[in-house]
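Following this message is one structure expressed as structure tokens.
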Amino acid sequence: MIYDGKKIIPGLLLFVSLLVSPVLFTIARGKAAYVPKLELKAGAKECVESAEYMRRNHMTLLKNVWRESAVRRGDRTYVSSSGKTYTISLTGTCLDCHSNKAQFCDQCHNYVANKPVCWDCHNAPEGNN
Amino acid sequence: MPLTRRGFLSQGGLILFGLASRPLLGAFRRTAAATKRWAMVVDLAKCTSAKGCRECIKVCHDIHNVPDFGGAKNEIKWIWTAPYEKVFPEQEHIGEALREEPTVLFCNHCDDPPCVKVCPTGSTWRRDDGVVMIDYHRCIGCRYCMAGCPYGSRSFNWKNPRTVLKKINVNYPTRTKGVVEKCNFCVERLDQGRVPACVEACPEKAMHFGDLNTEGAELKKLLLSAHVVQRQPELGTKPSLYYVI
Amino acid sequence: MDTSVSPTERSEAMAASGVVTGRWPAGSGEYGPLYKPVGTAGRSFTLIVSVLAGFILLGIAAYVYQWRNGLGVTGLSRQIFWGVYITNFVFFIGISHAGALIAAILRISKAEWRRPITRAAELTTVLALSLGVLNVIFDMGRPDRLFNIIRYPQPQSPLVWDIIAVTIYFTASCSYLYLALIPDIAFLRDHGTKPKWLYQILSVGWNGTEKQLRIFKKASFFMAILVVPIAVTVHTVISFIFAMTIQPMWHSAILAPYFVTGAIFSGIAAIILAMAVVRKAYRLENYVKPAHFNNLGILLMVMALLWLYFTIAENLTAFYGREPADMTIFWNKLVGAYAPHHWAMFVLCFIIPFPILCLRRTRAVLGTSVASVSVLIGMWLERYTIIVPTLTSQRLALGQPVYFPTWVEWSILAACISFFILLFMVFTKIFPVISISEIREGEHEALADFRERLETYFPGKPIKS
């Protein structure tokens, strides 16, 4: 048997249960089957890029492409992969359709417990859908 | 002859030196001739600040979400007033009426800005058209630019501005505590072809804004015809702000 | 490592062949007081550590308060936006010049009396540099963006030059401290000091062989020469932070040598104080003699005179020129709101220490310690009166507001000093605070070297002993 097994095995079990306790809590609260429900403004058509691209890359697009172009170079023209031209503006372009933070952004961001600091400065949209 | 360790080190060092010298020399390069050069002329004769008018300040601070912390310690001001004799201290004989007259002050958007020179992270820079910009995403709040500016044009967010902002203009971001801010010549409006908000809001039309590089422009004519002064031009900062006394 | 011969046998054989090794015969009582404090902690040590830890906790609490509420919790304002933190930064980096002067310059000039002091000097450098950098971080509005300086450095900014210079100096100082420590660590290893694994690893196989000694001597000399220009550069670059702006009383070419002189001045004072305390605490009177304090006192006196020279030069030039912007600050310092700070600085930096240091009778342990304390406080005030009064001008004096630091800033200053003392004390419990190998080298080789040197100075006759 394991040397000092009487101490190690219970300790190991305790450690593992503490490790997975957040998951257990979520299951206990009945939220295990939660799926983010994203809502846009009524009449919103298509985004600057496709949904799959945005899901993965919206931060890269905003920080590395849009921010550098608009803030540091003063160039507010963006040509998307589909060839359409957009004005680079978080408030004017993005938040025009994604008009409610709680009903769109927070749905996923709260789920993964990721709080971006953008809203420290940029005004969070609280429009009605 | 095989490469010895000493040889590798010396050659590597020379290569590194060569690579490093290019950006280093680049830092001292003057910017190329620009297309536009924005400038502003404030006609002090027309300004009614002595009678209590503060329209330009109100409009600017409103639309840019400039917080009012109350008191001189933490204050943030993009536009403000100071007594005439303090703004132009080199003039000795000033009439009594003029001495205390509140003179509107802005960031001078210098052509050779000392604030830009000292910023360690490049969070402030001079755009090609003359506007001295701040990137609030990158500013580390060291306040060296405030030490560089000889005009006292910059303010620091000593506290979280959102704790004192009563009304927020949702079309313009706020800033966080820990970054420096100043007048930005309303670049968001300039990029749309409009004049700065203060110029538009002035009830006496005492401020004139324009591009100095455009031939035959209103602004150029005004500068050439009237008697204009600048704040401490002998410092070599080449301000873009002129005053008609 | 050759395990067939016992350590005792090897070291005896090496000693017999005239090689100075890092090993001593087991059970030797020689240099006992130098390594006695290592690994032991008495009641007074624990008590002092607790008090220091209390101050440090207070400082941490103050910083957490500042982090959460913004720099507005300090006494800083739109007018006076640099204050205690930047003063601390310049002050601590100034003290770090102790190492450069003592360990390096005295070694290069072959001053034999440096031997008990070098370790403490180099340690002071490393600790003071760290605290200096820490104070810059305390001063930042967005410390979470600290790495922006590394990611987007602007080569024309004096702050970037400063980061580079301080990093190089820190690396060089740490290396020099460690290098000189190696023989002592080997000594502790051979004496079986616990924890054995620590000294085993850190001694990196030092056995005091002839080859190792040769490399060691060359490397030490090389590092000593390297450290001097680096140290001068560091404080020059720090002065450039102020001198490269166009603010009145900052934009002056004299700021560079003024800062370097002030740094060496405060560095020597720190060393004197450190050695006086260590000597008393660990009963090292046999190793740190009055002669050492006498010599350090003379150096301190010379630096006081140099400091006076630069102070007069700077103020006289400003006063004679009568430039309005400069004169506002000048009068502010002499008779205005900052007169108490300025005159206290002058009294503490010169009036009190200079007479003490001039007279041989008072230039002993107590006298030099008192002078050093006075100099240290005075130099802190000197940095303060360089930085803060200029900011009252901004070429637009709106009533010259005075700056009152709050409890946050004072707590952090107290915590910094406590942290310095604490780390110093902990170091003395892990490594010898006086370099055993250097003392030993001095006792065995110095006389012969010195005699050799003397013979080169005088006509070719053997020196009478």
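Here are a few things to note about the model shown:
We just call them A, B and C in the order they show up, numbering each chain from 1.
One rule holds in what follows: a residue touches a chain if its C-beta (ideal position, glycine included) is under 8 Å from a C-beta of that chain, and two chains touch if they have at least 3 such contacts.
These numbers were taken from a predicted model, which means no experiment stands behind them.
Under the stated contact rule, the graph of chain-to-chain touches is a line, running from one end chain to the other without closing.
Just to note, of A-B and B-C, the chains joined by more C-beta pairs in contact are B-C. Averaged C-alpha coordinates give centres for subunit A and subunit C that are 49 Å from one another. Mean C-alpha positions place subunit A and subunit B at a centre distance of 36 Å.
The distance from the centre of subunit B to the centre of subunit C, each centre being the mean of the chain's C-alpha atoms, comes to 41 Å. Those residues of subunit C in touch with two or more other chains do not exist in this structure.
Counting partner chains per residue, subunit B shows two or more touched chains at residues 176. Across the complex, subunit B meets subunit C through its residues 23-24, 27-28, 69, 72-77, 82, 86-87, 89-90, 114, 117-123, 138-144, 146-148, 150-152, 155-160, 176-180, 232, 235. Put simply, subunit C touches subunit B in their complex at residues 69-72, 76-79, 81-82, 136, 139-143, 145-146, 148-149, 151-160, 163, 241-242, 244-247, 324, 391, 394-398, 401. Partner subunit B is touched in their complex by these residues of subunit A: 67, 71-72, 74, 76, 91-92, 120-123, 125. Subunit B contributes residues 125, 127, 133, 135-137, 168, 170-171, 173-176, 187, 191 to its touches with subunit A in the complex.
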